[in-house]
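Note that the chains are named A, B, C, D, E, F, G and H in the order they appear, and that numbering of residues resets to 1 at the start of each chain.
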């Protein structure tokens, strides 16, 4: 992959929450879908100059990946802290 | 010289440049001037740089767009680049102070420049939402063809329903306008 | 970790053009993720042609590492059918909005369904015309306010939401695959799309997938309202699931053997 | 009956699309049929908000083909019906308009030109001149008003209904995306206050009485069996069209008594041309200005003497020579050199025109 | 007898233009007889507008003592919808061929069905394009030879006959009337058409009647073969009867009360 | 591979529609997409009979919009694809052709003109000149060959594929209903035997290799966000178009050295014009003859000196001045009086032209 | 009615068979539908210069009116010899 | 004078005028002449008067239709009226003898006329079907540019498959041709 995106990585609960600010448009869809309400607005601004998201606003992350699934911009990557996250389908870091 | 001002404003979608242009021209029209405002628009609903073209004059305005602006306003990183084509030697370039670096890169020794710390003022002293009203104030101050009262009336027409719900908003907007006006008229006076 | 974390985009996504051109929270991005994953899963990147319409789908003209053709409003399917007829080894995907599919391009949809064209059609149902700023579409819900139904859609004057997959299922012959998914169930949606691609690859017939999508920009909804609108309002009118899977007999349609030609 | 949409006269500052919606209301348009396309959308948006208050109808159709043919239906039924479109929509609209041309149906279409060909841009151009004047498989028996300002949009939208119903040729108001989206001052008014009487609309089908008993049935067709039948029909239409020309043709000119260079432009570009000519005159350059308002019929009789007098002609347009071709064809027989400043799909400013004039004079 | 015998034409037929312009044995004449009798029975001559298409239906442009408008290929319904919207007191009849209805005009048919337009549509199914000399239509039977399927219609390449009423029934809301009749059963056909007119008059919704017809000219059939083709070959693919009668609930379609608009 | 459709050369007596089908076969056309319309139907009829024998494809579409866009698809896929249409079908075809114009797609369309506007007649006219040359919402960046005989139909149908693929502008063979339906002798041939090499067709999508890995993806669009982007694209196309003109433009002239009156006609009418000029010469009247073969680009450079030399010009056409407008625009600057013998939708015989010439000379 | 058609009237079986040669195009549809096969070709030529039809070629007419019903050109009118035929719907002779 | 003949034929749909035209021009073409034939066509498949325009010449034929025919053939009541426009003073009008009355009414004292009792001959002596072949024979005789053998070959090409099924048809057609030829050449010789 010739393009690289910088991540903000936050460990939270069972998950490692990678957020790519250059991709996040601040739509909030992920926030609504998180079963433990851990996602909330961060200070950092994203692709459209609006705040990006971060975990840590509710109960601990259970690494269900719902947020990753619904993000229209592929701006979230959830790894499991137990290391199973690398089996995700999709583009792998090189 | 009779009034004849051309302003191009550019910013990101959410920054409210179109509102600034609309309020400015509406106020100018009500004040008895000739005025014309046209937004640029493309296929993307969100995401492109938003540009507004404003002209105020004593004569009916001819073309909706213009080659070179008297004032060009750049409010975001991408906007700095985008408005270069409208910037001539005689143009006053207004930009948010946070863009200093980009402006230097793209414009080098542009003779007339006005850096306005609108983002900082809005965030620190007021509210991010009134960022564009500060810019509006700057333009009113800089151009001098409108009385503050006329602009306030225009704000009222645009946001009256919001002010009615939350009267503190009115004050906030007036303060933002005033703050911008100060920044603009200082330079305008030069 | 030795390697820096990178977004989990489908391999077929083109990272160079990301972030993509859709609005924040737009359902198109989710649907194109499902499509990307389905293409990845089938390993057909090398032979897939992506076609997009006018409508917000056009914003995907440089979305994939796929040869892509952006066509006119409602005309994506004919262009791809034209390609498929001369290059049957290719897999062609026709991607468009509900306006393109059910209004201006309805004759193409009906005809491709009747001909059982080997094409996979994905229609993004966002209950209105997104790109032009939110006018009524054939899918607009009763009472829904749009720019051309400012007082709410009046079913007496403008009808009820069209049921696209039901329409296709009514005219497509055996071999067709027809389903409706939703961005509220991405895994199912990906599964439908993948089956739809397979239906084409295996030469069984047309594949038609409607995807319930979100247009927060024209709906003027925040994230919570967006999900509620899709999962409650839209779901009430547009049931998800598979309507036709290949092989299923079609009632009211006589068998292949019936002789048809008058003797000349 | 609902109140009048506009009482007397009112000054306003609004977009061109809003102006068109007001004009159609003021003209007493009964119904708009339409399909969304940028940059004409807001005509529909304003219309759908306002029309119900005045008992006017609206139908959003499935495409521009249907918008054109439902408009034909509304007109056949004897109603002041109209539609609006642009670009690829204007291409599709030609099918119905060619039927209107054949059958002499007073359809009104507002065109807000965008970039072409194909989808190109949703913004602006003057590239739909050929299409609007000569689209379809016919002879261009149409009336096309090219507007340059919001005031024009208001005036000519009203006028279009009257021209259409009086002469019974499909009538177009040719605007553009700039005019659609920009805001500028305009005076909107009730036509009656300016002494404008709206032409009566008469139904062509659904006439009173039982057909075949009380009266002959209206049997309307657009298909002829023999070439001669068609020829006769067309010859009659062409005759009517030609007789109409002096009554309908419109143009604007200034500074044309002693001009060395005549600048010709239409639509919104004519504003820039006019401003450029004013500036040039101030600078002592003898420039003149001519603007066809009706592009069909083209004001060739008015233009000819002016063009003959000038030493040079410069055609300025946001298209690649569509107006220029019309100018050349209309002025055939003259020898005044004609050149073009042609910017397909691009806005044109007075400064550019001044530059082009100066370059032309140098060359 | 005191009076000379005269033909029993429906009153609304225009005798001055008879014999009509259709070929010998053409089904159009029979269908227009059924239509004429239905109009007579309802006593609506004074307020009925007849619209015909391009296709052999155009040959009826001076057929009736009715105000008549002959339109473009596939565009009859839009023209009549345009009339109906501003003159709701009129009864509008859209008369066209299977090519006009199901191919070039399919978007109009789908959209009028979805909008439940108050129009009565009669489609003459003669399994091909009559006026242009007998090319394949969407209704052409499998194996049938036409000018563009000279070796017989190959369903693999061109699909199977479209089921028009079934298509309309799939998308039209409650209130619609949908039926298929045949010139082989004129009494039933007249009955269907009459119900279809009534449906419009009573403001219930769209009425759509397909009529199986004969085109001996392009079929190149004699009278016996003509009847056999309609009654055997066509009947095997196109079942006659009523598909939708007003009031009938529509499955998969939510009730009127469901709120639809996202809150702005 | 199936055998060649035509070995060497063959004389035949057939209809024009049959000639077109043979020509497309001989040119190696891979597929025809089409929708029935008179008078082009028999092209499809012959094609569907013959094509399967040579592994060529056919798809009957649901309308001309689809015929146009499937043709676009076939061309994008790298195949020699074509369609044929007329009248209202030609109107609808413009939507796809405007996309082809924008995207430089080498589509080939055979147009068999019928009476217009609207359905008018299914027979004959030359009224689709404007539409075919300038249809759509663009600038007419197209190539239009006007044929006058079966031999032309054969030659130019083959040539159209080569011009289209070489220069990448939509290319039209403009015939008419007379040519479609009449029978006359023609020599059909395998292009190779005349040294005609068919241009290679290259795919624009479906290229070898994995996009993004082995190569860049083909991302083809017809929509631009900014006016400037569109302008640049169009400027490049216009430049290519203008550079192509001298290579593509074709015409025919005779008896033009000393003519007092130059008769200009295209298509089948040019045969009558030629015959009329021969007769007039025999009768001692100095008539000349000019026939544009390419209507777009128009052979204006060739025509200008001839027109300048003549004392009068008579344009003869089965339309109301569509060719005449083109002639006037192209000859702007000359003073030779131009008049027209204009018969929209009617056939024109040599006798009529002789009469018109005599009347013109008297006037 | 301003237009009048001449009839060839033949009594046969239970029916009075009125055939209007100016309308009959000789398609033969009626012949095939007659349950008693009484209809056949006549000498007289019709609208298109082809023979018209007449009864009397098979068993006697039973006045079922099928022929009248299917004739696309309204070229047949069947009256019952018992006089009930006048109750036919449709245009009456004036 | 070099060969240059224009013939317009008109009749009802079933009378086969288009076949006559096609056979005649095809034979002319094979015989080395230039030939052009065009049918008229309208929207009705059946029912209109069918007209065929035939031209045979040494030079390539110019316009497909012509103003005035050298020979004009009218085979039905409606055809008599319809072909009037193609009939000039020098035209030979050929018509079926049964149309005498109409011809007199419409053409009055047309100088060159040839009434041919083709209908009668076909019905009484041969078969109604060969009516048009008699007319073909008349034209061959009248014009004289084709040998009977050439026409027979053309008949063979057109109807060969039918002749193969029923060889008596060939003889019938030849007889009709011969009969017509006699009628035509007698006049042609004048």
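Throughout what follows, a residue touches a chain if its C-beta (ideal position, glycine included) is under 8 Å from a C-beta of that chain, and two chains touch if they have at least 3 such contacts.
Small disclaimer: the values here were computed from a predicted structure and weren't measured.
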(message) By the touch criterion stated at the start, how many steps lie between chain B and chain E on the shortest route?
(response) 2
(message) Report the inter-centroid distance (CA atoms only) between chain A and chain H in whole Å.
(response) 87
(request) With chain centres taken as the means of their Cα atoms, state the distance from chain A to chain B in Å. (result) 36
(request) Provide the C-alpha centroid distance between chain D and chain G, rounded to the nearest whole angstrom. (result) 59
(message) Distance between chain C and chain F based on Cα centroids, please, to the nearest Å.
(response) 38
(request) Could you check chain E for residues that touch two or more other chains and list them? (result) 22-24, 54, 58, 72, 103-104, 106-107, 110-111, 131, 133, 138, 157-158
(message) Please output the residue numbers of chain B that touch at least 2 other chains, ranges allowed.
(response) 42-44, 46-47
(request) Could you tell me which residues belong to chain A and also touch two or more other chains? (result) 48, 50
(request) Give every touching pair of chains, nothing left out. (result) A-B, A-C, B-C, B-D, B-F, C-D, C-E, C-F, D-E, D-F, D-H, E-F, E-G, E-H, F-H, G-H
(message) For a test of understanding, state which residues of chain C touch chain A in their complex under the given definition.
(response) 3-11, 13, 15-16, 18-20, 22-30, 33, 37, 40-41, 183, 186-187, 214, 216, 222-224, 226-227
(message) Applying the document's contact rule, which stretches of chain B touch chain F when the two form their complex?
(response) 42-44, 48
(request) Report the residues of chain F in contact with chain D in the complex, numbered from low to high. (result) 87-88, 90-92, 94-95, 98-99, 101-103, 114-121, 123-124, 127-128, 130-131, 134-141, 222-231, 234-235, 238, 319-322, 325-326, 328-335, 337-338, 343-347
(request) Can you check the complex and tell me which residues of chain G touch chain E? (result) 1-7, 9, 18, 20, 22-23, 25-29, 31-33, 47-48, 50, 68-75, 77, 79, 88-94
(message) Which residues of chain D touch chain C once you look at their complex with the stated criterion?
(response) 35-38, 41, 44-45, 48-49, 52, 58-60, 62-64, 88, 118-119
